[in-house]
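Note that chain A is present in both complexes that follow, paired respectively with chain B and with chain C.
Now for the complex of A and B:
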């Protein structure tokens, strides 16, 4: 709750709205005990007194009634009706939406078509019709406004409920013996409450306006009872001669609706988990760099990463995702970077071209040199010209990296023409050739396909074609086969291996699968807790791992042909990178750990075979 | 040995493009008639690639998806969800995504209480004792009970999911890709836990996975699914060591293994489910396919001993 308030008041406008609304609500609540004139006492001798006249702070209306008093009583009534209408509409709409979304099928179809029909009427017409049937009066106006707004809630809530009704915890509840009513009340409803609150907070102002509108037309509150709409309606005839009688209720409506809307937006932002995590914050074009100075290059090579440090700074916490990582990639070489989730392997790869989202990512040290040129802190224009042309990426999920609304061919052409000023026809020819190169059957026809029309394997081939579009020297492949089936994975790996040989590509291949590394890579580096713990030629590392973590991780991987057995496991969990233990990060899970492992910095030692361990399994 | 779970010609057809009135625009046969038997105390591994219908099959077996045709028998009696409590005590399900199978707005205590209250009528002390016992069985610390699901890692959340399934004291557990969302080092922990629980509580498992090595490591028997049909079944030690169906062989060859050259890179993919080919669904990718394969769907028939294959031209061992 205190977090919610903090988030809410971080938005200054929402805070302002909250304060204004609170003042209005408190005054409205206190109206009966404030020393005001009676709101309905007429005094025609004093009609149309100007504001600030004696005894009547805001003047009087056409019957000589005190405007301040009528304003306060009217505000009280308008607020009550607006809130009540929002509550009724919200609850009924949510109930309809939850039912339709949860039961689905015919129930959903019939209810939602009914709601659609309700929505098809212009709202004021519908409200008028309802009031015409029920007769004028404030309660009937309330009913009309509530009914008119039910479809909005029903549609909103239905959409959310459909998403929840297909979640696995609903299935689990069914299997635990829960009936539909109980599932709806205890599993579904708690998950949609925030949505209902958000929808209500953003529409309440609108409902106050609608109620005022009906009263303005004389269909809401009946004379002499004051509400903001009827005050405006009565003042209309004297708009020119006594403008203050219209301005006073008008300003109040403006204040109420504005403060409600500002507060509503604030509540929405504070409650929506996506917005809370900073989805609205636009990431910068390149990762933020806060580096003291670049380390001296330790050699050459096509791509050298020296002592790279990338952190995520979230509030007071610092996640050291990449902690002094050094790698080297020679032309035509395939380097495997292997590790479990959270080990920092993807962040290392994204740091190369400054693709880590900032905020919260910051590169705090190290250098990434492409042909000797340092890329950390390089101007955006330079990075942009290198991205895709010299260093290209292949990502895990091709469905989310390809634009769903453009044909794959057009996306390829765009990728080509970003870096090279060739004609559309030439680019088209090259794009088809690329699709053929990645062995997409019937490339000319598939050129016009949309991403969703292709299978996962075909999409990943398009992803590879995209990476090859500008003949890069280096491809960074981030788990490119993890989302694919094993038979398709074999096809993609064979393709990458062929392309690498025929085009002399250097590949940085990120994976969690030792089998894939063993088949594809010349050298491998193992990451744990943001650091490289072991590196060396693939065959050597896999045959005789030196770091206990590598050895035990390899032992965990079940191999086909082993038969039924108990599997080797590593007890415990990988460390959280915002709270790394001193010494070796693996020490808490390691059988061989000794006191020395838990203190100080342990260096990565060795030449061709490197290991960061005081007591390695084999001498490196 | 008694039969714990039996399906006879179980099939599921999904309607595509439903209309308010009238027939749907198209139909997809997610599961072609499948007959399976799982003996009491046995682990049957089901392996197949995405889209082969393995999850649909599993959901039908626990009554979450109504079958289009065929019957399911659990311990000799037809599947009957009329009494959800009695049914829940018979069979339970462990979900693939451990985090999404836990309601984000409930504490672990609240999640664990539901099956115990509703299926076993436990209250008060007895309830708390049973939860402590279950948490002990899956190696979780009792202080986790007051926390919310998002505070847990995948491995821990999957243990909670297993503990919840065990809370029903079921006789059969359907495990739908229980380790595919987990890291390798954690995957081994969960697999070992499942093996220990099985012998401790005398459970019967149906273990679904796309990972051949995992399935082989935990199963007594294996059924290979392709495009909604069982293409091969047999003892775990034989199916991948001596596959009889060319698809099983392709699967076994495709699994990346250290020290083995890249192989199995056969062209071709799953057929279009909206427009399935006549005959064997694998014929388009099969090096041994003949005109017979393209015309007639092969039945599952015994090849040798208890190894069955749905193939007109099964491989020699």
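Now for the complex of A and C:
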């Protein structure tokens, strides 16, 4: 509860709303004992007194009644009616929703059809129809507003209940012989209370507005009793001659509804865990860079990554996803970057073109040099012109990485035309050619297909075609075959291998599969806990891994004809990179770890073969 | 697509029937006797009985419903006793005014709302986002009728930019510029709340979409950020924005009641309120059925637009 309040008041606007609403509610509660004029005492001699008049702080209305007093009594009434309507609608709607969701089947069907029917009405219209039947009056307006909002609650709560009704603990309760009533009261209802509270707090503002609206039309509270809406309605005829009689109740409605809405938003945000973690932050066009200075280049080459550091900053926590990683890629070379999930290999790859989601990602150090030009902190327009033209990406799951609503042909044409001012027709021709190059059968017809109409393998071919669109020097392939089944995977790898040879592409190939690395890559670098732990020519590393971690990874690859052996899983889990132990990050999972492994920085040693280990399996 | 439209039209039939049932049942719950209401409390019992027979009110309820429904389908909405003319004529006379007002407000709130939502999401936590978020909160909290009254005070009385009320000038009006001058304030006042709601949802939808993988793909291709936001992201976000537009269309259509009262706009909403206050039941009944049917029709348009925009929907 205290956490909830803390979260609520961390949102300043919600805190402001809470305070304003509290003041208004307290004043409304105290109204009967405050020293006010009687709200209905008319005095036609004092009609339309201006605010700050003697004895009438806010002036008087068309019958000479004290506006301050009427405002307070009206506020009291409006608040009471609004809250009551929300309560009635919430309780009845929740009850209907729970019944429909829990019992399902025909109960559900019939109820929800009825609810859908009611929702087919624009709801002010339905409220008008109900008032037309019941006749004007405040209680009738309350009933109308409550009834009109029941479908909204019923539908929301039903959805949540359906989710709960099929969970294990409900089945367990049924097996334990509990009756429906007891299950509903002890298992279902407690779980939906937060949802009802959120729904009420976000709709109560509407209900106050709607009842005020009906009163404004003369269909709610009847004279001499007045809520804020009917005060405004009565004042309308004197709008031009005595505007204060309209402004006073109008501003009060605005204040109440606004503070309720602010508070409601705050409650929703505080109760919705997805928003709480700040997960809804949008990634910016390029990754944020907070770098002191670039390290000096240690050589040339097509692409050089020097001591790259990329972090995720989530609240007070800092996850060092990439920790001083250095890599180098020569023209036409294929470098494999291998590691478990969370080892930092994808983040390294995305950092190259500033594509790490930011927030929360920040590049805090190092350099990425393309033909000697440092790209970290480069202006957006430069990065954009290189993206896809010099360095292209192929991503893992082509269903989520292709735009679902654009035809694949149009996505290809766009990839060409963002970098080259060619005509649409020319781009079209080139795009078809690209599809043929990646061996998509019947390319001209597939051109008009949407991603969801293609198989996984075909989609990934489209992804590759898109990467090839501008004849880039480098392709960064981020687990391009992980989401595919094994035969398709083999085809895609063969395709990449061919394209690489025919076009002289350099490839940075990210994977967790040593089998794939063995097929495709000239050299391989192994990442663990955000660092490179071993690097070298693929054949050498495969034949004689130096780092114990590499050895364990290679042991995970099954071999045909390799005889019966137990597949060796690596015990334990990859480390959390926000709290790395000193020394070797793999030490906690390593059989050979000794005391020295757990202290101090361990350097990456060697030239062609590099390893970060005090007790390597073989000397580098 | 043609088949989908037809399917959608057919599926509207039960909804329309349901609407007539609900309206009929609500109206049947009215206490007292319509014939007495029409003839006044001094009517003789014979006259009341005769009128009841004439109106078919001595039949059982289900039969009354089918008689009423049959009449509706032939365009006979009954006769308004307060206005002494056919209900449908009165509705049609006034509906164009409501349609102009609500239609303009709907276009305004869709454009402004989506614009504000996208800008807000693109500049999340920036100054523009904060300003828009605050204005939106203000917008969805202000009663439209109060806003309308304040606009009259400021723009009509103080600044004299626009006429106070009505749809056309009494003298020498009636052309399009005259209509636009009269329409500006009511349409704006009517659109404010819906704009706020649409802006909020658009912002949420955009933030959701901007985190998707295909946005990263677009950026990796080198697509300019402006096009990423207004092309790739907005196109995908429209899939969740369009249903909200449908709901807001209903809100604008029925919320026109308040604005028509404030600005003396000669539309259906004012007719309904007058009808309720005079207990002119047939007029209210007809008006409610008519507007609800329009809303159903509009929702079909929304669904078709949705299917056209999202090829993943089976058509």
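Heads up, the rule we're going with is that the second predicted complex is superposed on the first by the 440 of 620 C-alpha atoms of A that agree within 3 Å, B and C clash if a C-alpha of one lies under 4 Å from a C-alpha of the other, contacts with A are read in each partner's own complex, and residues count from 1 in each chain.
Here is the rule we go by: a residue touches a chain if its C-beta (ideal position, glycine included) is under 8 Å from a C-beta of that chain, and two chains touch if they have at least 3 such contacts.
All values derive from a computational prediction rather than experimental measurement.
Student: Using the touch definition from the top, say if A:573 reaches chain B (first), chain C (second), both or neither.
Tutor: first
Student: So in the superposed three-chain picture, is A:177 touching just chain B, just chain C, both, or none of them (first/second/both/neither)?
Tutor: First partner only, chain B.
Student: In the superposed arrangement, does A:397 touch chain B (first), chain C (second), both or neither?
Tutor: In the superposition, A:397 touches chain C alone.
Student: Can A:558 be said to touch chain B (first), chain C (second), both, or neither?
Tutor: first
Student: If you stack the two complexes on chain A, which partner ends up touching A:512: first (chain B), second (chain C), both, or neither?
Tutor: So A:512 only meets chain B here.
Student: After lining up the shared chain so the two structures overlap, which partner does A:246 touch, if you call chain B first and chain C second: first, second, both or neither?
Tutor: Touch partner of A:246: chain C, not chain B.
Student: If we overlay the two complexes on their shared chain A, which of chain B and chain C does A:488 touch? Say first, second, both or neither.
Tutor: First partner only, chain B.
Student: Which residues form the common part of the chain A surface touched by chain B and by chain C?
Tutor: The answer is residues 113 of chain A.
Student: Give the list of chain C residues in touch with chain A in this complex.
Tutor: 15, 18-19, 22-23, 26-27, 29-30, 121-122, 124-125, 134, 137-138, 140-143, 145-146, 149-150, 152-153, 157, 164, 204, 206-208, 210-225, 227-228, 232, 235-236, 239, 250-251, 253-255, 257-258, 261-262, 272-273, 275-277, 281, 284, 288, 291-292, 295-296, 299, 309-312
Student: Chain B touches which residues of chain A in the complex?
Tutor: Checking each residue of chain A against chain B gives 106, 109, 113, 167-169, 171-179, 187, 190-191, 340-341, 439, 441, 455-458, 485-491, 493-495, 497, 512-516, 518-520, 542, 552-553, 556-571, 573-574.
Student: In the complex of these two chains, what residues of chain A are touching chain C?
Tutor: Touching chain C from chain A are residues 13, 113, 116-118, 120-126, 128-133, 136, 205, 209, 212-213, 216-219, 229, 232, 236, 239-240, 243, 246-247, 250, 253-254, 257-258, 261-262, 265, 280-283, 285, 353, 355, 357, 380, 384-389, 392-393, 395, 397, 400-406, 414-415, 418-419, 450, 452, 463, 466, 469-470.
Student: Quick one: which bits of chain B touch chain A in the complex? Just the residue numbers, please.
Tutor: Answer in residue numbers: 20, 49-50, 59, 62, 64, 84-85, 87-88, 92-93, 95-97, 100-106, 114-115, 118-119, 153, 155-156, 161, 164, 167-168, 183-189, 191-192, 195, 210-214, 216-220, 236-237, 240-241, 250-267, 269-270.
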